[in-house]
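What follows is subunit A paired twice: with subunit B in the first complex and subunit C in the second.
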Partner chain A sequence: MTEPVLELSNLEVSFGRGLRAASVVRGVSLRIEPGEIVGIVGESGSGKTLTAMAAADLLPVGAEMTADRWTFEGHDLAASARSERGPILGGRLAVVFQDPMSSLNPARTVGAQMGDVVRVHHGQSKRAARTTAIDRLRQVRVTAPERRVDEYPHEFSGGMRQRAMIAMGLMTPPALLIADEPTTALDVTVQADVMAVIAELNREHGTAVILVSHNIALIAEVATRVLVMYAGRIVEEVAADSLATRSRHQYTRALIGSVPRLDAPRDQPLVTIGGAPPDPTTRAEGCSFAPRCAAATSECRSVRPEFVESDAGRVACFHPAADA
Partner chain B sequence: MMLSIRELSVSYPGSDVVVVDGISLDVPSGGTLGLVGESGSGKSTVARAVVGMVRPRSGTIEVDGVEVGAGSSAAMKHLRSTTQMVFQDPAASLHPRMTVGAALVEAASVRADVAHGQGDLAMEVHRLMDLVGLPETFVDRYAFELSGGQRQRVAIARALAPRPRLLILDEVTAALDVSIQATILNLLKELQAELHLTYLAISHDLAVMRYLCDSIAVMELGSIKEIGAADEVFGSPGHPYTVALLDAVPQFGRTRDDRTVLTGEPADPADRPSGCSFRARCPVGPVFDASRDRCVTTTPELAVVDHSGPDHAVACHFRLNTNDRDV
Partner chain C sequence: MSATFGRRKQWLATLLGTPTGIAGVVLMAVLVLLAIIGPPIWGDAAVKSDFLRTLLPPSTSHPLGTNGSGQDNLARVLVGTRLSLLMAAGSVAIAATIGLVSGALLVTVGGRVQRIGATIIDTWLGFPSILLSVLIIAVLEKGRGAIVIAIGFSIAPFFARITLTSAASVVGLDYVAAGRLLGLSRWRIAHRYVLGNIIDSLVVAIFSMFGQCLIAISALTYLGFGGARDGIESWTSIDWGSVLNDSVRNFRDQPASVLGPAIAIAIAGVAFGWFGDALGRSLNPRLTVRSASGRSLRSSRASASGGATANASVNS
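Up next, the complex of A and B:
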């Protein structure tokens, strides 16, 4: 078995203490192999972003994290101090967020910010860093990179900024790229282009990717393996090419049915999920999706389902759906 | 026609850049027209012109038979009683220090034909909340206490308060999770059937538009590239730009390899290219086939497509024959 790029087991993330403690990630385990693209899908508040941020050591202030195991390229991060984790992740892990404007410094040129990566981690000169930056901007299909490298973030369009963020991650080809809703604020055409850039990065540099999104159709197109999260837990893991037909969890099926399709009859209503996800300060017995699930029985409300193997992955559901 | 636009051109004040360039379209009463295109295509500017937020440079806009483009006080009064708009970001369009109830009372109070007693207004608020499926207990809540989908329901309820007949929906689901989007789209369809509303809907997502609309106008750089009944535009798209927009929507059972991904940036309206505005990105245009210099020299006009519906028109010199297109 090869060494995974990233491994997390029994990850818990919470905010606050005592009765008002909100438990937002509950016992999540994941293992990312070199070169694979893993999608994490779920609604707002499902814990998908905090899982990704915990993996990247980027949890916001106030969040508490525990994990039985947390490794990156064989390094034991769980046993390392914060100051030791920086050099392990720096240059090997890249992160792209939803809003690139808030991750870029508006007062410095795009090229200067990109150059920081190789200047800090590899001691490159300013001139060499600028050359690398131009090369990387070209790779993510920014037109006229020689000119663009000296421009400021506000001179870039939304899609260009997002590509610049990916280019920044490419300065030293990373082992893992974490992309959290990287295209949610963008036009569908730009989204398709940014996804093509991410797929190319994966193909050409063997970079593993964690793609986080609420859009299950987008995840299905790009990822090889999909993790479905609900109320802080992974409820299903399924091969992306089997997602539409052989996913088993009732929640996964509902998410799929909510996507407007180009090949469905136009008058067929979209699937909606009644109710709302549970409050993260409560700790319910049973399956957390049961109150919104059409297939739920009394067993679902009292016992939490454990993972069972399904033919395309694994699922935590007492009433798995048949083939679609 | 509930909405009739003729040769509409729009520039923003203090600028000579033509953002909308001579478009014409009609929306019959009870119908839904979808304006589709990328950022900068001018689709939102058309909507702003209809509600009087920006004055046309030339052309006419008629809402329910009354010319409103000139912005006279009679026109604005007519608009206020017939036309309402719902925006993309409900967090930004709701007052943070107003409860749901207060916001709806304010919106309902502008109607001249309802008695304004406390009881009447409370009844009206109850009716509006019921229409959009909000529980009555939400009446005392503030915007920050609501989820994105709930906020959008409040915004829709508020728009319905003056009992409009035409609703402009500007990217109303773009900021929502896909699962919440589905509930809002279903709600809009139910409301339309119940209240016989006419919709002008705006989105960059063609799958959303296909679900919601019965006719479609595809815009690029201020002009209409393709227009027609939704079944025709989706069943046999004639413009390569329409096909590119269709291909960009993530769909199950499709791989990235069997579709066109547009590269490069849309043209700059301030520096309009000669001929077809889409030609620099067009997968069948002069960039890929040098013999097609007509795209550079001559601007294509909308022309009715043979063998399709009578209102299906495409503005392309080399329009596609996609009758058996497999999406």
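Up next, the complex of A and C:
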């Protein structure tokens, strides 16, 4: 078995202490192999972003994190001090953030920011770093990169900024790219562009990708493996090509069912999942999706389902759905 | 590299891009020039007493009249430029150093220490600055050095508060996290990612404080905290506050003489404010480019790179 790029086991993330403590990630374990694209899907508040940020050591102030195991390219991050984690992750892990408006430093030119990576980690000269930056901008299909490299982020459009972020990751091809809702703030045509660039990065440099999104259709398209999260837990793990037909969890099915279809009659209301996710400060017995689940029984409300192998992954559900 | 050159041009264009910017730069230049050449040229006239010509009204030989010792009021104002500006610069430097360092430290440490620090700063800020200055001078020894230190300490919390607030609003942003992720050093992040984004408001604050410092210093020297004046006076002890003190004492007999120091203080305050504003604007790349491209859209003589930028920002 090859060494995973990233391994997390029993990750817990919480905010606050005592009775008001909100536990937002509850016992998540994941393993990312080199070169694969893993999608994490779930609705707002499911803990998908925090799981990804915890992996990148970028949790916001006030968040408490524990994990039984946390490794990156064989380095044990759980046992390292914060100052030691920086050099391990630096240049090997890249992140594309959700909001392209705040992910680039407005006070410096795009090229200068991109250059920082190679200047710090490879001691490249300013001029060489600029040349590399132009090359990487061209790779992500920014037009006229020779001119764009000296421009400031506010002179870039949203889609171009996301591509510039990816280009920044390309400066030293990273082992892992974490893309947190990279296309949510963009319009659909630009979305496709950005996804294509991410897929290319994966194909050409063997960079593993964690793609976080609430858009299950988008994830199904590019990912090889999909993790479905609900209320801070992974409820199902399934191969992307089996997602539509052989996913088993009732929540996964509900998510797929709520993707709008072009061939559906227009006078019908869109399919939704009734109810709301549970409050993260409560610790309910049983399956956290039970209150919203059509197939739920009394067992679901009292006992937490454990993972069982399914034919395309694993699932934590007492009433796995049949093939669609 | 032509691009860098273009940026520099834009920087200058922004600095001089507004009427107040031009006025600020010109007035600053005049003040600095006066501070340099004033004492050697008018130094003697400023201290030469003539007890036959005391409290003269304005005339061609004495445009602002003379004071109680028969010294030329205009010469004293011109000569006083150097000491006034130096004292103001000294106290702003002290205040900005203390303020920036403490604000930056608090942001770096964060958490509870930051909250306690912010409370201390707010309390310090709430204390009347003239009163605080007088207290500090009482502890130190009367004199100009004491005034500079006192003013510096009493306005330091202002800079600490601005640094704390603006830096705290930047450190939480994604690009700072991205910088950390690149494995950049703490210093580089503080310098390039945080300071770079708040420097424009700090510069504006520093320069607008300059004018206020000048007034506060003049007020304290006017109140007589500048130390006793005895023996033979030399031009090195003349500043606008002491000239104002003189003039006010003789206000009934020679009212025109207060105009000199009063106008000098007012002009300097306004000049620093305008200059700081323009400098702050030119340090913020968003404002730099916007106004530079605005210029190039208006005038056909725009530089090539300015024009390209304008086109680019229209396209994107």
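Rule of thumb we're sticking to: the second predicted complex is superposed on the first by the 316 of 324 C-alpha atoms of A that agree within 3 Å, B and C clash if a C-alpha of one lies under 4 Å from a C-alpha of the other, contacts with A are read in each partner's own complex, and residues count from 1 in each chain.
Keep this in mind: contacts are C-beta pairs under 8 Å (C-beta built on N, C-alpha and C of every residue); 3 or more make two chains touch, one makes a residue touch a chain.
Fair warning: this is a prediction, and the values are worked out from it, not measured in the lab.
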item	value
First, second, both or neither for A:L89, with subunit B first and subunit C second	second
Touched partner set for A:E36, first subunit B, second subunit C, both or neither	neither
Subunit B versus subunit C as contact partner of A:R141, first or second or both or neither	first
Touching partner for A:L255 - first (subunit B), second (subunit C), both, neither	first
Contacts of A:A276 with subunit B and subunit C, given as first, second, both or neither	first
First (subunit B), second (subunit C), both or neither touched by A:S157	both
Partner chain(s) touched by A:E200 [first = subunit B, second = subunit C, both, neither]	neither
Which of subunit B and subunit C A:V120 touches, first, second, both or neither	second
Subunit A residues contacted in one complex by subunit B, in the other by subunit C	157, 160
Subunit A residues within the subunit B interface of the complex	43-44, 141, 143, 157-160, 187-193, 195-196, 199, 214-218, 220-222, 243-244, 254-263, 266, 269-273, 276
Parts of subunit C lying in touch with subunit A, wherever the complex brings them together	3-4, 7, 110-111, 172-185, 188, 192-193, 196-197, 199, 284-286, 289, 308-309, 312-313, 316
Interfacial residue positions of subunit A with respect to subunit C in the complex	56-58, 60-61, 86-87, 89-91, 93-95, 97, 99, 102-108, 113, 116-117, 120-121, 147-148, 150-152, 154-157, 160, 165, 168
Touching residues on subunit B, where the partner in the complex is subunit A	38-39, 147-148, 177-183, 185-186, 189, 204-208, 210-211, 230-231, 234, 244-256, 259, 261-265, 327
